[in-house]
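Can you keep this structure in mind? I'll have questions shortly.
For reference, chains read A, B, C and D in written order, and residue numbers begin at 1 within each chain.
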């Protein structure tokens, strides 16, 4: 089975998610700075989630690049990932509206955690379809980023009930780790 | 006529439908569990409809896979299917907002029923275009899932006026039946 | 210049327009038939506009099928068409919310008229790019549908201030005329 | 790395942005001209932003046309551009709702300025990936439009605090400059 429609559908869903989040940035009543300033936590949450969805799209792009065909299991593992990503706009709005309070910050982390697990499952599915000598397995190597992220999310969820600002910092930290270009797959595909 | 744009357009519409449903999950006022818990019926409806739209996308993907070209009739049968799918977010919201009351549960079933009929019509159209030795006809075989689903929807619509929770269970059951991978088309295409 | 991205972008915009219209169908408060019934004018407007956008997508599909390459002018003529199509959800909501009152019915017709003109301009642009022996020119022939539609829209706009129900009937009539399959382009491409 | 998905994702995001702006055009209560007329500043802002997003899509299309492959840096520079474009619907709504008051007009200019800078960065990234003899570098030549636009935006932001109507005129002027077809890349690709 070809991967073209899987890519197209995932691109579509992620493109929509990344843009409907901006609808949470509601146009304020009034044309002064005083009307605009209270939007900062919603804007900050938007930036963070935009980066996260960008990272997922980027990594998804790289991961599928190593595939030539997909199985029914991969299609469903992919939909499972998209399901958790689809909750990011809600979690983002919940966190932004409540100025990074404890429960919203924890829920945001929980959605990120589930998305990370779903991504891992999808990765394993693809490796299984590719069989031995899987180019994806070779490309990801030890996958320390994929292993570290869920641990940090778990810590951040715990921390959010004590110091939600710190948990937000941890989410930003994980995003930063992923932003550092991961040349493994690019290098692998070049050889 | 090529099938590329038909696939792209259908992917686009289904991707948008699957994501705008999440807009029904409105960010609650308040940052406590008490603010979040009343959302559970909307969330549950969302999960069910996400799975249904995922199944439709998946089956659509497989069905079009057997095609090399499409006719004007297929384009319209496809738009007809997309029309009924486009009502799923409304029916989902109506059911979730009203905690699975009778009429919303029946309406949800009616939309699923019409979508199933539209899918069947599209399938027949494609088989007719493919002519004798249609790979799709061979692939679907007796099509017991396609025949059973509308019957269960009809039963569930009737049941919803007596015991709406049971009709919801029936909708979930049909989803489960479809989730079990259908290897017929994959097998057929492999040979 | 290739036409792939032009098709993809147009498919994306039309797919979004056809689905965001459903957001006007707001989930009613209450779970009874009494809550649902007042939605019928919005639903009816939705069906009509869904069919119109389906027709535009379908014809756009056929028209681009005759092209191998596009010019900068075609890109802009296409965006111009998409602009008027993008006003269909607004005009649909305005007409549905106001139970087919005079001004909303006239505005709906005006948007359809502008879209028809924009479609005609795009068609001419493509014919010019194709030069003499343009397959599109041969395919559309006398283009009686394209010439009749704006006239009917103009009549319907006038009629809407006297008998808005009749203007709605005229819009439905034009849709019906277009729904009758237009085999000209298909036949031309087959030969 | 191929550019297909980069194009598809960008097309998706821009298609969504260009259409969700229309959601700001809220269906008015009432069916008279008096109900419709107050929407004119929102409509005017919509037209301006539609043209801007159309220009960005058009130029993006041309720019990517000169590429055969992209790097990880290009992916991120592209996401950075999409981020600023994603703020256009918000800035448009803010300006339209407040009848082109000073702060909203300045914010609109700031978003256009950031998008222009992001576009410039993306252009430089692609030129760097293409190496010496970059077809994009040759194609854009002196890039006077790309250099003039940010200067005009800066002037317009300053002007908006004195005479916001003039700043709006300046935004329209820049759009007009870009609308004049830029045959450089087309010509370059033809040779």
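By our rule, a residue touches a chain if its C-beta (ideal position, glycine included) is under 8 Å from a C-beta of that chain, and two chains touch if they have at least 3 such contacts.
Just so it is clear, the model here is predicted, and its values are computed rather than measured.
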| item | value |
| --- | --- |
| Rotation angle (°) superposing Cα atoms of chain B on chain D, nearest 5 | 180 |
| Fraction-based call for chain D against chain C, same above half, different below | different |
| For chain B paired with chain D, centre-to-centre distance based on mean C-alpha positions, whole Å | 37 |
| Geometric centre distance via CA averages, chain D-chain A, whole Å | 26 |
| Multi-chain contact residues (two or more partners), chain C | 8, 12, 16, 20, 23 |
| Interface residues, chain A side, partner chain B - complex | 1-2, 5, 8-9, 12-13, 16-17, 20, 23-24, 71-73, 75-76, 79, 82-83, 86-87, 89-90, 93-94, 97-98, 101-104, 107 |
| Touch list for chain D against partner chain C, complex | 7-8, 11-12, 14-16, 18-20, 22-23, 25, 27-33, 36, 47, 50, 54, 57-58, 61, 65, 179, 181-183, 186, 189 |
